[in-house]
Amino acid sequence: MILQVEQVSKRFGGLQALQDVSFTLPEGQILGLIGPNGAGKTTMFNVISGVYPPESGRVIFRGEDITARPPYEIARRGIARTHQVVRPLNELTVRQNVMVGACFGRERLSYTAAARIADEVLGRVGLAERADQLAGSLNVAQKKRLELARALASRPYLLLLDEVLAGLNPAEVASMLDLLRQIRDEGVTILMIEHVMQAVMNVSDYVIVLDYGKKIAEGTPREVANDPRVIEAYLGDPKLAAGLLEGREEG
Amino acid sequence: MKPWRQPGFWLPLLLVLVGGGVALVLRKDTLREMMFTLLMYVALASSLNILMGYTGYVNFGHIVFFGLGGYTGFYLISQHGWHLIPAALAGGLASALLAALLGLAVLRLRGAYFALATIGINEAARAFVNNFGPFGGPTGLFVNFAVYREYGGAPQALWLTYTLMVLTTLIVVGLSYWIKNSRFGLGLLAIREDEDAAMVMGVRAPTAKTLAYVVSAFFPGIIGTLFFFKNGNVEPGDAFRLQMSIEVLVMIMLGGNGTILGPVLGAAAYERLRGYLLTSPLFKSLHLAFAGLALLLIVLFIPAGLIGWLRRRFPFLRRWLE
Amino acid sequence: MLAQILASLVDGILLGFVYGLAAMGLSLIWGVMRVINLSHGAIMALGMFGTYLLFTHLGLNPYLAILLMAPASLLFGFLVYGVAVHRIINAPYLSSLLATFAVNMMVIGIGTAVFTTSLYNVDFSLGTVRAGVLALPGTRLTAALAALLITAALYLFLYRTRPGKAIRAVANNRAAAELMSIPSAQVLALSFGIGTMLAALAGGLITTFFPFTILSGSGYQSKSFVICVLGGLGNPLGALLGGLILGAMEGLIPIALPVSWVPVVEFTLFVLILLIRPSGLLGART
């Protein structure tokens, strides 16, 4: 088990964003984290990556308790993430953005080594020719790929992806899914939040479903999609769920 | 990536070396005095740039380090008979130490709150020195003329001080290039752009910020010691002028915040402009108003400063204008 | 001894009302548009000299002069907002700090050219009011009363009138206010104008009991920062309370320490409060 989340709760004022959520991630798989808007998915990422501490519960990464550690210590232990709302370092070049990931991530590369890795990773996500542009000048789809490149450049054990497929056209989705499978095959564990249902059902080895801050189901994509609680809470409509499994796009 | 092959590296250094060297070759006192002030501002602006330009923390109290470090160095010279060089280093270290202590606390504040706190620190430091007996209270400290004997007379002492000023400026400018193109500097730039995102990427922001603050504070301590030694006296009013902090800030904005050449050119331009306005009878009493107008126009219309604007407008110049 | 403490305390608190009035302007501008107005002190100095000119050259009663200055300073505030602040209202905070400081430099520069930096005073007295052991200068009592009245008027304006409510809405959430079609540019200009006016009025009141130079504003500006942080940045009523606290401190500290230590205590406290509770002692927890 690369990551164990044990009974994590987080509250914002009167809102219980997460309530006693537990799950474990086996190494080398792609895990989908799904649920309706406001289910607490991004909050879960923020707790894992150390952005805010949980009220209770523990997060154990590779056998070590990382609960409420500062984000930079968690990053150095090998967890990298992307943001749902992209956060490029606007006034730096695309290459510099990726170098930040490489310099301060798990391998903590030197400046020159980081520059090399950055170019390699940028080639992989298809941003090579934009390396010298300012990150702020990219369009949203490119910024999403930049986020992924930054995370990859840190050579993480665990990659947290927050809606990297949103806003991409079907061809872009397909190539992104290929890339994610490749990354998994290199041994990186991926936990992804996703709303593009067809894609997440298609690529995930295992799926966890949150609703109103609680875990309501987990299992293989097929099990989850047939779970009546999930259908009620999230998919709303059994016909739609069946459609999903046949590979049609969600409404 | 060898720095000496990058024009962006040697161009600012060459400017400082030539500008500073002319006075050393010609041996003219008036030129030396003029260049001393100019280089002093170049070095102050470049050192502030490491915190403000790279890290994005606006410090209104940069002059605290100039004042306190200068006081420390001057105290060691005038009361304990130290030589200028160790005293200047001690001044720098005193400032760096203060920055380390302050930084741990104050750098937790973000944005305008940090700026406000630095204004408070400036005022508190000024008021404190005013009351601090060993530093002479409101009248300050003086050097005895006998001190100059160690350097072979007053003129020799002044030339030595000037040479050290040139050297310090070269070091600050060279260091700011090195930092900008290093792993440490990359972390600072990431903090400037988005501190929370930088931390998620693994940048140890509290340590990096404090280190930037310490480096940025070390040089004003040295510069302060040199400046007050040159003047022969130090008093709190001169040492802690909030005005001067802001002037240095304006110089950076003029040249280009976060660039290497920008603070050098900005400081030189501002200082020369002020010199002109002060000597021209038409502008003498209005020079502050003109400086204000210039500042307002920059902030409103070219917020990237001269170098930032040139880099954006003419991308092929980027290799030259770092 | 007790009588002396009481006298210093009352003296300080009376002064505190005027400090609070000045700080309220700073606090309002911060609260509405997140701008730290570094031209605040210069505008206070303008208020001082405006009062001085009307008093000395037109022979007006200083309070009448201050009243006349209110609309003028409001207009001046609109002008400063339009020229220096509006364009950079959404830029990084460094821009607004520098833009308002540029205004400060221009005002002080022109002011120094006209008035030099020598000391002026408004030679005006309302006699002394005696109450037991206390002997209170009439001008200070009047200034405190005026500050209270202006604060009350400000609150009536903010809570009872349409433009006042619009200001509070924008302070609360500018984006949301714009969605409700509140014209935020006008509201921001109005807030900046009112903030400027409060500074000028406070400057005017100060002339009735203290001498001043064109540079005096910067000291009061620093005090306003301390007060805002005491009372919670962006909370105008907190600013009045903060002013009273600062005034009381200024009255009491000299009893225990030499007067020259007052600023050390003030600014150390300022930095400490920023560190412990950046929203201010009386501000809301965020």
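Per-chain residue numbering starts at 1, and chain names A, B and C are given in the order in which the chains are listed.
Convention: contacts are C-beta pairs under 8 Å (C-beta built on N, C-alpha and C of every residue); 3 or more make two chains touch, one makes a residue touch a chain.
Here the structure is a predicted model, which is why all the values come from computation and not from measurement.
Novice: Report which of A-B and B-C is connected by more C-beta pairs in contact.
Specialist: B-C is joined by more C-beta pairs in contact.
Novice: Name the chain whose C-alpha centroid is farthest from the C-alpha centroid of chain A.
Specialist: Most remote chain from chain A, centroid-wise, comes out as C.
Novice: Can you give the whole-Å distance between the Cα centres of chain A and chain C?
Specialist: About 50 Å, centre to centre.
Novice: Determine the centre-to-centre distance between chain A and chain B, using the mean Cα coordinates as centres, and give it in whole Å.
Specialist: Chain centres of chain A and chain B, defined by C-alpha means, are spaced 44 Å apart.
Novice: Using mean CA coordinates as chain centres, what's the gap between chain B and chain C in Å?
Specialist: Each chain's C-alpha centroid was found; their separation is 32 Å.
Novice: Which residues, counting only chain C, touch chain B once they are in their complex?
Specialist: Touch residues, chain C against chain B: 34, 36, 83-84, 87-88, 91, 93-95, 97-99, 101-106, 108-110, 112-113, 218, 222, 225-226, 229, 258, 260-264, 266-268, 270-271, 274-275, 278.
Novice: Would you pull the chain B residues touching chain A in the complex into a rising list?
Specialist: Answer in residue numbers: 1, 181-183, 186-187, 189-190, 192-194, 196-205, 258.
Novice: Taking the complex as given, what residues does chain B use to touch chain C?
Specialist: 52, 58, 105-106, 108-109, 111-113, 115-117, 119-121, 123-124, 126-128, 130-131, 138, 242, 246, 249-250, 253, 257, 285-293, 295-296, 299-300, 303
Novice: Of all residues in chain A, which touch chain B in the complex?
Specialist: For chain A paired with chain B, touching residues are 49-51, 70-72, 75-76, 80-81, 83, 87, 89-92, 96, 99-101, 103-106, 108, 110-112, 114-115, 150, 154.
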